[in-house]
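Each of the next two complexes has subunit A plus one more chain, namely subunit B in the first and subunit C in the second.
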Partner chain A sequence: MKKALLPSERASWTATLLLIVAGVLFIYPFVWMFCSAFKDNKEIFKPLQLLPGAWNLEYYKLLFKGELIPFWRVFANSVLVAFLQALGTVALTSLAGYVFAQHRFRFQGLLFVASLVVIVLPQQALAIPLFSWLNELKMIDSIWGVVLPGVVSGLGILYFTQVFRQIPRELVEASRLAGLSEFRVYWTLLPLCGSALLSFGLIQFILSWHEHLIPLLVLSTQDKQTLPLALASLFGSSLRFPFAVLMAASTITILPTAILFAVMHRRFKSSLSEVLPH
Partner chain B sequence: MGDWKTYWLRGKGAPYLLLLPFFAFFIFFWVMPLVGGLRLSLHSNTLVEESEYVGLQHYQELREDPKFEKAIRNNIIYTGACIVVILPSSALLAYWLQSAWKRVRPGLTFMLLLPGLTPPAVLALLFLLVFHGKEGVLNQMFVMPFSRDGAINELFHLHFNARPINWLKDPHFIMPALVMQAVWRWTGFVTFFFLAGMEAIPKSLYEAAYLETNDRWKVFKRVTLPLLQPVVLFCAVYLVVDAFAMFSGAYMLLGGSGGTADAGLLMVSYSYQQAFTYGNFGTAAAMSLMVAPALLALLWLAIMGPRWLKGRVG
Partner chain C sequence: MATLSLHCVSKKFRDPRGREVRAADEISLEVPEGEFLVLVGPSGCGKSTLLRLIAGLETLDEGSVTIGDRVVNNLPPADRDVAMVFQNYALFPHLTVFENMAFGLQFRKITRRETKQRVNAAAELLKLEDLLERKPGALSGGQRQRVALGRAIVREPKVFLLDEPLSNLDAQLRAETRAELARLHRRLGSTMILVTHDQTEAMTLGQRLCVMNGGKVIQTGTPLEIYQNPKNAFVAGFLGSPGMNLIRGIVHAGGRELLVAVKGLEERLRLDIGTELAAKMAPYLGKDVSIGFRPEHVLLGDAAGPKESAWDAALELCEPLGHENLIHLNRQGIPFVARAPVGSTFAPGQTLPVRIPQEKVMVFEGASGELIVEQMAGAAV
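So, the complex of A and B:
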C-alpha cells in the first residue's frame, strides 16, 4: 500500500493550472511593460499587442541620456534613501527588540504599545503634520527629511522582539555572567540572527523604494528626487515624449527589488515563518 | 562612580539606555509632528504669517464638510473591499500553492509577488496603460464579449449591449479600479505571508488530521486556517492601515483630485489637497488627527480581540 502523503507532498494539477492562469494575469502587464520599452507611441496604445515591431534600443538610450529626467541621478538617490533607511531601521529596532524580548523592566508594556502605535499611525497618515514639523527643522529638500522619519518603524519592533525571543535564555545569561555589558550581549547575539536582520532590511528597503508621499512632500529639487517622483512627474508632464522611455524607466525601477527578493526568497520565507506565532 | 556606570551598562538602567536611540527618534519624528499637528490644527490656516488661535474651528468645519464625509465614506468602502477581496483570495492561492507541483511553486509565488515588489506609482502607470481604456485588457476581456457583436452574444444568441467602461471617468467604476489595483498589489504578498505561516505549523498535526480524512480542503479549513489566525489578523491590520495611508495609486490615476464627483477621494488625498491645493494646513492637520482615534481603536481591537475570543472559547 502507498503511504498517504501530506498535502505538501502531493501534486494537484488543477491547482497548478489555476495558479498559472492567475500568475499570467498578474504579470502580463509586466511582460507588456518590458516589451513596450521598444515600441513607438502608436504601438504602445494597443494594450493587447504584446511584441514590438522591432527591438529598438533608442528609447533606453534616450532615457540614459538624461534629458527627460536625470535618470541615474534619481536612481542613485532612491538607492541611497532606501539603503540608509533600511540600515537605520534595522539598527534601531533590533536593539530595541532585544531589550523588549530579553529584559523585564518598569513601563515595559507601555513602551511596547507606544511603539506599536506607529504601525497603525504611520507617517503617511500624519504626512501634513510631519511636513510642517520638518519645515520647522529646515529639513525640507534634504534626503535626511525622508530617511530619518522613516526609521521609526513599529513593525521592526514587533519583528525583532519576536526574533530575540527565539534566542535561548541560557545563552543570554551566560554572556551576562561572562561580564559583558548589555550592549555587548546584544552585539554577540547579532550574528545569530543574520537572516532575520537581512530579511527585515529587505522589507524596509522595499517599503522605502516604493514610498511616494513623503518624498513628494519633502524633496522639491529635481536632482534630489527619488524614482516614483521622477516617474510621476514625467508621466504628468505636458511634454510630448515617447512613452517607451517611461516604460524603460519603469522596467529598471522594478529590477532592484525584484532581484533582491528573488535572491533572498528562501531565506526570507524561513525567517518569516520563524517569527510568526505558532 | 563605578556603581553609576554598572547601573546604566549592566543593571536596571541598561534597558532604558538601549531603548534610548529608538525612542529618541520616536519622540523626535513621530510624537513631535503629532504635537505640532495638534497645535497646527488649532490655529488659522497660514504658514507664513503669524497665525492665530482658532480653537476647534477646523474640526467644526470638517464635521460639516460634505467632502470630508465623502472621503471617510470612500475610504471605509475601499478598506472593506480590499479586505474582503484580498484575504480570501490569498487563502485560496496559498491553498493552491501548497498543493501545486513542487518544481513550479517558487516561480508561481514570484509571479504573484511581483506586483507587490513594484512601486505603486509604476503599478498605477501600468494599470492606466494596460488595463484601463477602451482598448484595455479589462474591457477587451470582460466587457467587450458582451457588446453588440461581441463573442458571447454571437455564441449564445444573446442581446447584451455592453459598452467599454471608462474606468477612471465613470464615477461608478473609480472605486472598483482603485480596489483592483490594491488587490493586484497585495494579494501575492499576503499569500506569501500565509505560506510562511503554514510552514510554521507542525507536520504532526497534519499527519493526525489525515488519519481522519482524506479531504485536503477539509484539512485546510479545519487545521490550517484556525492555526493561521494570528497571521490573518496581522495581515488584516496591515491592510487596513495601508488603505488609510493609500496615496500613490490614487494620485497617479486621478491626478491629486478625487476624480469625477469625488468618487475616488480618499483621506490622504483629501488632506494633501487641502494642504497643497488650498493651502489649508490647519484643516489638513485636523483631518489627520481626526483619523488617528479610529486607527488607534484598530490597534486596541487587534490586541484585545484575540484575548477576548480566547476567554470565550478556551
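So, the complex of A and C:
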C-alpha cells in the first residue's frame, strides 16, 4: 500500500520544487552569459542554443589583450574603489552608529532622522548637486570623487545604531570608568561587532562594485573607469567586435563578488550572539 | 580608602510619558572610611541611580558628592578613583580573564610589571590563578563575578561600588559569594557601597544599611537597629524575610487600653499600652493605624498560653524551610505569617490558638506609616 504524505512532508516537497524552479530561473541567465563568451555572434542569437559549438577561448584573449578596453586597469580600479568604499563606509557609519546608540545629545532625534532620509532619497535626485560639489572640490575624474560620496550610508548608520544598541551599556560604562577616551571605548567595543562589520562591509563592496551612476558622473578618462562603465562602453560599441567579448567581460566582472559571497556567506550575519557570553 | 559624603544629592528623570520622576531626592549620607554600606530598597527606589551618581555615570541635578576631601561633581568617572562591579559583570567577551582584570590599568600609566603583579595578587585572592588565560564565555557565573571583582580590586580605588553583584547567581552560589565578599571587605578594609534589593544580602553584608524608597533615604543604621526599630511601616514590611505583619485598623478607643477596630474582624484588637503611651496615642483616636508584629514573635499552639489571652486562627499553609517552618495563618480574612520550629505538628486546615506578646507589637500611623508606638508593656493582644 502506498504511504500517504504527511502535511509537513507535502509542504517540504512543494517548497523544494518551487525553489528548484526559482533557482533555474535565476541561474539560467548566468549560465547563458558564461556559455555565450565562447560563441560567435551567429550562435549567440540562436534562441534555443545554450552550449557553444566549441569552447573557444579567443574572446577572453581578445578582452585580456586590452585593445578594446584597458580591462585589467579597469578591473583594478573597481577593486580599489569597492574596497575603499567598503572600508570607509564601515568606519564612518559604525562610528556614527556608536554615537547614536550610546550617547544622548541635543537634536539627536532630528539628526538621526536626517541620516535616514539619505536612504529614501533617490541617487538621481542628488546627482546634479553632487556633481557641482565634487567639481568645486576638484574631485571630478578622480577615484576619490567616486569613493567619498558612497561612504555616506543612511542604511549603515541605521544598521550600526541597532548593532551598538545591543552592546550592554555596562561595557561602555566600565570602559569609561577605566579612563578610556570615547574613541577608545568605540575601538574596544568594535571586536564585539565583528560579524556585523564584515557583513555590512561585504554588502557595501558588492553595491560599490556594481555602482554605475556616480562613476558615470565623475569619471571620464577611460583609464580611470570602473568595470560597470567599461562594460557599458563595450556594449555601446559591440557592433564593431564579437558580442562574446562583452559576455567574457561580464563573466569576469561577477566573479569577485560571487567568490566573496561564497567564501563569507556563513559569516554573513549581524547577530552578536556568537560573541557575547550568555 | 576614603570617606564618601553626599550632600542634598538630587536627580530627576522624565518617564516615557514625560512625567518627572525624582530618582534621588535630596539625599545626604556619610560613608566613613572602610565602611561597608548597603543601599537597600525595592526595585525602582533610586538606589542604583545613587550609585551611578557617585560613579559619575549620571550627572547631578543638585547637591554635591565628596570623595576624600575632593568634591567630584564635575569630574569624569575615570578621575573619581572609584571602581564599579556591575550586575551583569560587564566583562569583555573577546578578552581573557587576565586582560579583563588588567583593563582598568592599561590606560592609567601603570607599568606592565606592576599590572602583572596586581592582577596576579588579585587572582590569588579570588582563586582565579588557573583561569587567567580563559575567556569569560568559558567561565561559570560565580567565576565571572570573581573576575569582575578582581578588575575592581586591581584598580586599588578609594571606593568600591557594587551594583547588585550577586543577583545573577543561583541561590547556593549567591550564599558562597556573599560570604566571600564579606571576607574580601575584611581583608581589603576598603570603603564599599553595595546596592541590593535582597534584604538577606543587606542584613548579612552591611555594617550599616541605608533603606531607600521613592528616591529618598528612609532610614540608616546597623542592620539590627533597623530590623528591631524600623522608622516606619515601609521599613518594617521590607526588612525581614518574611517582613513584619502589618494589620490596618482604626483606633476605636484610647486610654490605657487601646482598642483597634480591624475591618472584617469581629472583635477589637486590645492593646494594653500603659498611661505614658496612651497620652501619645490620644490624637489618633478614630484614625487609621497599622499594627505590626514580626513572624518570629507570634506564639502558636501551646506556646500561646491560656485560652482567654489568645486568638484562634486558621492555618492556611505550612512552608517547611528545613531549619524552620513558615506558618501562614488567617483570622477572619486577616492574613499573617508566623515562624515555627522544625518538628511542630501543625497541618493546613487546623485552627490554632495564637498570641502576640504585647511588648513586641508596634503601631504605625495609617497614612504616613510613621512609627507611633515603639514598644509596649502589659498583657496579651
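In this section, the second predicted complex is superposed on the first by the 251 of 278 C-alpha atoms of A that agree within 3 Å, B and C clash if a C-alpha of one lies under 4 Å from a C-alpha of the other, contacts with A are read in each partner's own complex, and residues count from 1 in each chain.
Just so it is clear, a residue touches a chain if its C-beta (ideal position, glycine included) is under 8 Å from a C-beta of that chain, and two chains touch if they have at least 3 such contacts.
As the structure is a prediction and not an experimental result, all values here were calculated from the model.
Q: Answer with first, second, both or neither: which of subunit B and subunit C does A:A244 touch in the superposed model?
A: In the superposition, A:A244 contacts neither subunit B nor subunit C.
Q: Give one of first, second, both or neither to describe whether A:V81 is in contact with subunit B, with subunit C, with both, or with none.
A: neither
Q: By the touch definition at the top of the document, which applies to A:T188: first (subunit B), second (subunit C), both, or neither?
A: After superposing on A, A:T188 lies in contact with subunit C but is clear of subunit B.
Q: If we overlay the two complexes on their shared chain A, which of subunit B and subunit C does A:E173 touch? Say first, second, both or neither.
A: The second partner, subunit C, only.
Q: Is A:L197 contacted by the first partner subunit B, the second partner subunit C, both or neither?
A: neither
Q: Thinking of the overlay built on chain A, is A:I254 touched by subunit B (first), by subunit C (second), by both, or by neither?
A: A:I254 contacts subunit B only, not subunit C.
Q: Name the chain, either subunit B or subunit C, that contacts more residues of subunit A.
A: Between subunit B and subunit C, the winner on subunit A residue contacts is B.
Q: With both complexes superposed on chain A, which partner does A:V146 reach: first (subunit B), second (subunit C), both or neither?
A: Touch partners of A:V146: none, neither subunit B nor subunit C.
Q: Could you tell me if A:L219 is touching subunit B, subunit C, both of them or neither one (first, second, both, neither)?
A: A:L219 sits against neither subunit B nor subunit C.
Q: Check subunit A for residues that touch subunit B in one structure and subunit C in the other, and list them.
A: Of subunit A, residues 176, 276-277 contact subunit B in one complex and subunit C in the other.
Q: For the complex, which residues does subunit A have touching subunit C?
A: 168, 170-171, 173-180, 184, 188, 191-192, 275-277
Q: Hey, which residues of subunit A end up touching subunit B in the complex?
A: The contact residues of subunit A facing subunit B are 4, 6-8, 10-13, 15-16, 18-20, 22-24, 26-30, 32-33, 36, 44-48, 91-93, 95-96, 98-99, 103, 105, 108, 111, 113-136, 148-149, 151-152, 157, 176, 181-183, 186, 206, 209-210, 212-213, 227-228, 231-232, 235-236, 243, 246, 250, 253-254, 257-258, 261-262, 265, 269-270, 272-274, 276-278.
Q: Touching subunit A in the complex: which residues of subunit C?
A: Within the complex, subunit C contacts subunit A at residues 55, 57, 76-79, 82-84, 86-94, 103-104, 106-108, 136-137, 144, 151, 155.
Q: Can you list the subunit B residues touching subunit A in their complex?
A: The touching residues are 9-10, 12, 14-19, 21-23, 25-26, 29-30, 32-34, 36-38, 40, 47, 93, 95-102, 104, 106, 108-115, 117-122, 125-127, 129-131, 133, 135-137, 140, 184, 187-188, 192-193, 195-197, 199-203, 206-207, 210, 214, 216, 219-220, 227, 230-231, 237-238, 241, 244-245, 247-248, 251-252, 255, 267-268, 271-272, 274-275, 281, 284-285, 287-289, 291-292, 295-296, 298-299, 303.
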